[in-house]
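Presented below are the structures under discussion, each in the form of C-alpha cells.
Across the two complexes that follow, chain A remains constant while its partner is chain B and subsequently chain C.
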Partner chain A sequence: MIAVELRKLASRPRVWLSIGLLCALPALVAVLLSVSNLAPPPGQGGAFLSAVLRNGALFPAAALALVLPVFLPLAVAVFAGDAVAGEAATGTLRYLLVRPVSRSRVLVAKMVALAVFIVLAITMVVVTSLVVGLALFGTGAEAVGQSGAATSLSGVTLGPGELALRLLGAIGYIVVCMLGFGSIALFFSTLSDSAIGAALAALAVLIASSVLQTLQAADSIKPYLPTNYWLSWIDFFRDPILWRNIDSGLVLQACYIALFFGASWANFAAKDITS
Partner chain B sequence: MIRTRGLTKRFGRITAVDGVDLDVRAGDRFGFLGPNGSGKTTLVRMLLGLVHATAGEIEVLGERMPAAAARVLPRVGAMVEGPAAYPHLSGRRNLSLFDAAGPGGGRRGRVDRVEDALARVGLSGVDKRAVSAYSLGMRQRLGLAAALLRGPSLLILDEPTNGLDPKGIREIRDLLIALNEGGTTVFLSSHLLAEVELLCTRVGIVDRGRMVLQDDLDNLRAPTGQVLVRSPDVAAVAALLAGRVVARDGEELTVRHADAAELNAELVRRGLRVSGIAELRRTLEQVVLESTGDSGDRVDRPPDPGAAQRRTRPTRGGDRTDHPREPDPTVAERPTTGDHLPGETPGEPDATTTGRTGDSATHRRGPDPEAEPDSAAGRISGDLHPGDHTGAPDGEVRR
Partner chain C sequence: MLVAALAVVLGTPAIVTAVTAPAGTVDASALRERVARSDRQAHQGVAVIRGSLPLPVLPKLEDVSALVTGVTTVRSWYDSPERWRFDVLSTVGERDTYRTADGEFVWDYGADQVTQLVGTPPVRVPRAGDLLPPDLARGLLATAAGDAVSGLGARAVAGRRAEGLRLVPADPDTTIGRVDVWVDAASGVPVLVEVTPRGAERPVLVSAFEEFAPDRPGDDVLTPDVGRDSGFSTVEAPDLAGALGALGDDDVPASLAGRSLRQTDGAGVRGVGVYGTGLSSFVALPVPREVGLAAADAGGKAGARDETVPNGRVVSLAVAPLSVVVVRAQRVRRWYLLVGMVDTVVLRAAATELIAQSGRGR
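Right, the complex of A and B next:
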C-alpha cells in the first residue's frame, strides 16, 4: 500500500505543479536581487537575503526562509488535506477498503506519502535555490556572515562543509515542523469528505496560530502553538548552534504528530464510510 | 454465502436498516430490490465492513464481518454505488494500482490479471487515455473489471448496469450468468426490475430498511390461479363461467381457473371461439409494488390531522415552517393523499398496480398555476424550507 501511495504521488500532476511553484518563488527573488543588486537593508526583508549577495551558497537558507511561513504550509495543507478526503470524494476510498486494505494501513501509507512529499518539496527547493544562488551570486570569496544580516550568523566564518551540515540540520528540522502541521491537516482530512475543506481548516489553524503568536496577551499559550518554533531552524546558522529552541520545537512537533495522527486514527478506524 | 440476523443501522435518529435477515446461498444470483432510499446501499456497505452495524450479525463466506474482513474480502469482488477510479490515470494503471494495494497483489501475474479482467468486461482494447475521458459506460465496465480482478467467489454489485446501453446491459448480464455458472455467487442490488427478472434466481425486497420479502423468483411468479381469456364470443363465455369471472375488459375476461389448457378445451368443446388464452402470472413489478410503499425519493406532506388547527392559526409570519399554502383550499382537494402516507403499511396485499399508477398523477404537484398571488413569495421560501420535505412526524417541525 505504501508503494502504491508513492506511485500515486509520483503520477500526480498536482504534486509536481506545487513543488514547481515552491521552487519558482525563490528563483524569482534571486533573479530580482541579482538584477537590481539591491539587498534589503539590514534588519529588514527576508532572513539571509543581505548575506546572499555575497555568497550564493547561502541562498538555499534564504529560500527556505521565503517559503516557510506561507507557501510550504500551503502546499502541505493541500496535499495532506487531500490524503483521505480526496480518496473519499473520488470514491476510491471505499474500493481501497474493500480490496481490502486495513484502515490503519491506509492511514500509515498516507502519512508516509506526506513525509515523502515534504522531504521532496524541501529538497527540490534547496537544490534549485542552490543552483540558482551559485549561478547568480557565485560562491563568495570573502567570509560569510557579516553581522547586520537579518539573522546574525554570529560573525563566524563557516566552511562549505560546515554550512552543508547546518543546512541539512535545518532541512530536517523544517521537515519535522511540516510533518507536525501536516498531521493536523491529515486529521481534518479524515473528518471531512472535502479535500478543500480539510486544507482550509488546516490553514485556519496556521493563521490562528500565527496571529496568536504576535499577541502579547497570548504569551502563556505561546509555547504550545504549532507555529511557535518554526523559525528556530535559523538557529542552526548561529555559532555555536542555539539548541534550546530547536529542542523545544522538536518535542512540540513530536507531540503534535502523535496527538493528531492518533486522533486521525481513532476517527478513521471507527468511521462509517458513506462516501 | 451471506447471512445477516437482525441487522440494524441507525444514523442518528434515522433507522436506515431495520432488523434485516438476509440469506444468500452459494450459487445464487440474488437480486436485492427496493425503492431508492430503502437502505440497500447501507446494507451493502455493512456487508463489506464500510459501515458499522448498530445491531445484528453479519456472516459473509461463512465468517463474521467485519471481524474477519482481512480473510473474507479478498474473496469478494464489489462495486458499491457506482465505479470509482483515479481520474488522471488510465484504466490499466488504475487496475494495477488497485491490484497492488491489497494482499496477494504480487507483481508476478499482475499484467495478466489486469488484462484478463479488462477482456472480460470488453475493455481489452482500451488505450492510455485517462479515466477522466471515459464515458459513463466505460467507467462502469472498469468498475466491474476491478470487482473481477481477483477472481472472487462472491460478487457484490450495486447497480452494475447503470449507464450502459441495451447492448452493454445484455453483455454484462451474459457475463454475470457465465460467472455464476462457473461457481461465483452473485449478489446484485438494483431497482431495475426487468434486469433482475432476467438475471436473478432469488430476490429479496427491502422497503424502508425492512426486508419485506425474500424468496425464489419462481415462487414469487407462480401462477395466480387466474386465466386471461380473449374471445369474440365474450358474452357467451362470461355466461358460461358465471361466478368465476374476476374482471371483464372488452373481449378479455379474467377468470378464476387452475388450468388454462383445460379451460380452453372446455370452451372449444362448447363451440366458443378463443382468440387468446394465457395463465396469469404475477410480474416481478407487481410483486415489488405490492410489497413496498412509496418511491423512496418522493416526499409527500405528512398526514394532516393538524390541518384544521393550523388553518385557524391567527398569524403565520416569522416562522415559515408551515406550508404557506395552508389556507389554500387545495389542501382539502387532496383526497388521495391518504393512500400515500409515508406511514403506509408495506405489504398491503390489496394495493394493485393500476390503483397506484392511476392516482399518482394527483401527486405531480409542480408549480400550481392557481397560486394565490399574495403568498407567491412565501411559497418559494416555504418550499425551500426543509421542514416541508422531511416528512417528519407532525408536531416536530411544524409546531
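Right, the complex of A and C next:
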C-alpha cells in the first residue's frame, strides 16, 4: 500500500510542480540579491539573508527561512488535503477501499507518503539553494577563511562538517513541524470530499495560529499553537545550540501528529464512503 | 478523545506547578539579604522580559523603549560581576554582550561586527542585561532600601521552587505600587520580578527566567571567541551623553520639587542631576533641541499633557509606573528631559522650577 502511494506521489506532475515552485522562490531571491548586491539591513528581512552575500554556504538556511512561513505549509496543505478528499472527489476512494487492505493501512500509507513529500520538498529546496548559493555568492572562504564554513548567529565559526550537521538538524526539525501541520490537513481531508476545502481549512488554522502569535493577550495559549515553535529551527545555528524551544517544538508537534492522526483514523475508519 | 487529550496538555503546567511548589512560610527580610548577596552566585538560563508600558518611541532611545514595551528573550550565563555574558535573541539573529577581564565585547550578528567597549560610562544607557531578574531585583531592592518587605510564600518558577517577597513603597509620590520578587530557594538568585504600578492590578513589567540552573557556566561560553573574520572596532563605552548627543554645560539646581540633588556632575556627566531618594527619585537632563522637539512630538502623539507656562513649555506623559516630562525653557533656549517612577505632579513642579531657575540665568 505504501509503495502504491509513493508511486502515485512520484508520478503526479503537480507534486513536482509544487516542489519546483518551492525551489524557484529562493533561487529568484538569490539572483536578485546577486544582481543588486543589496542585502536587507542588519537585523531585518529573512534570517541569514544579510549574511548570504558574504557566504553562499548559508543560503540553504536563508532559503528555508523564506519558504517556511507560507509556501512550504501551503504545499503541505494542498498535498495532505488531497490525500483522502481528492480520492473521494474523483471517485477512486471506494475502489481503493474494496482492495483487501484495512482502512488503517490506507491511512498509514497516506501519512507515509505525506512524510516523504515533505522530506523530498525540503531536501530539494536545500540542495538547489546550496548550488545556487555557492554559484552566486561563493564558498565563504573569503568570509570565514575556510571553504564551506560559516559564522553562527553567535559569532562562532562553524566548520563545514558542523554546519552540515546543524543544517541536517534544522531540516529534521522542519520536517517534524510540517508533519504536525500535515496531520491537521489530513484530518480535514477525512472530513470532506473536497480537497481544496480541506486544504483551505488547514490554511485557516495556519493563519489563525499566526495571528494569535502576534497578540500579547494570547500569551497563555501560545505554547500550544501549531506554529509557535516553527521558527525555532534557527536555534540550531546559535552557539551553544538553544535546545529549549527545539525540544518544546518537537513535543508539541508529536502531540499534534498523535492527536490529529488519531482523529483522522477514528473518522476514516468509521466513515461511510459514498463516492 | 480529542477533549481528553487537550485537557491533559493544557493542564500539565498546573500539575507541574502543584508538584514543584509546596507551600511554606518565607522570612522576607532574610530573603532580601539573600538577594543582596546573590551577585556572587553563578547561574545560567533563558529569561523573557515582557514590558507593556504604552511608552512612545523616544528619539535616539529606541532600543530602551523596545525593552519596556515588548517581549525580549535573553539568554544569560553569569559567573561573577566581573565575568558574564548575555545574548539578546531574535528570529533573525542575536546581539551578545560579554564581560571579561579585558573589558566588554559586543557581538552583533546583523552588523557582522565585534565591538570592544573601553572604559566604564558614568551613566549608561539601560540594556536588556539590566532587566534580567537578578539585576532588576537587586537594583529595585537596593533603591528602596528603607522600605519594608513582606513574604509571599512559594511557587514554581522555571520548574524550580521559588520563594517570594513583596516590596510596597511607602513613599506616596512613587508610581510603583508593588514589586514582587521570586527567589530560587536553592541558590538565592532572583528568578522572577513583577513591577506593578500604583492602582493597577496587573504588572506592567515582568522579567522571568523560563529556564534556570544555578550552575557555573563553562569557559567556552564566557570567552568571546567570536567573529574571527568579521569587523572589529574599539570604542569608548557609550554613555547617556553619547546616545542623546551633546548635553548642556550648566550647573544643575541644588533641589527640584522639594527633592535634593543626590548625584550630579560627580557621576561624570555634566548637566545631569539625580534628585530625591528611593523609588521616587528622578533624573533631570538637558538634551539637544532636536531631541527635545522629537520627544515632545512623540509625547503629544501618545496623549501627553502639553502646557504653556510662563517662560516655557511643559509636556508631561504618564505611562505608569514611568513619568516623562519634556521641558522647554524659553529664555535660555534649553530643552530638558525629566524621567522617573514618580507622580507627574512632582515632575511638573520640578519642570516649573527648572524653567524659573533657568530664567534667572543660572
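Just so we're on the same page, the second predicted complex is superposed on the first by the 264 of 275 C-alpha atoms of A that agree within 3 Å, B and C clash if a C-alpha of one lies under 4 Å from a C-alpha of the other, contacts with A are read in each partner's own complex, and residues count from 1 in each chain.
Here is the rule we go by: a residue touches a chain if its C-beta (ideal position, glycine included) is under 8 Å from a C-beta of that chain, and two chains touch if they have at least 3 such contacts.
Predicted, not measured: the structure shown is a model, and the values here were computed from it.
In the three-chain model built by superposing on chain A, chain B fits alongside chain C with no clash.
Partner contacting the larger number of chain A residues, of chain B and chain C: C. Of the two partner chains, chain C is the only one touched by A:Ala263; chain B is not. Contact with chain C, but none with chain B, is seen for A:Gln216 once the two complexes are overlaid on the shared chain.
Once chain A of one complex is fitted onto chain A of the other, the partner contacts of A:Tyr224 are limited to chain C, with no touch recorded for chain B.
In the overlay built on the shared chain, the residue A:Gly161 is in contact with neither chain B nor chain C. Of the two partner chains, chain C is the only one touched by A:Ser50; chain B is not.
Contacts of A:Pro240 after superposition on the shared chain: chain C is touched, whereas chain B is not.
Once the two complexes are laid over each other on the shared chain, residue contacts for A:Tyr95 go to chain B alone; chain C is not touched.
For the pair chain B and chain C, the least inter-chain C-alpha distance in the overlaid model is 22 Å. Within chain A, not a single residue is touched by chain B in the first complex and by chain C in the second.
Within the complex formed with chain C, the chain A residues making contact are 41-47, 50-51, 54, 143-145, 151, 153-157, 216, 219, 224, 231, 234, 238, 240, 242, 244, 255, 258-259, 262-263, 266.
Listing the residues of chain A that touch chain B in their complex gives 1, 3-4, 7-8, 11-13, 90-92, 94-102, 270, 272-274.
Interface of chain C with chain A (complex): residues 1-2, 5, 9-10, 46, 50, 52, 71, 75, 87, 89-94, 96, 107-112, 114, 210-211, 221, 224-230.
If you check the complex, the residues on chain B that touch chain A are 11, 42, 45, 48-52, 69-70, 73-74, 76, 78, 80-89, 93, 97-98, 100-103, 146.
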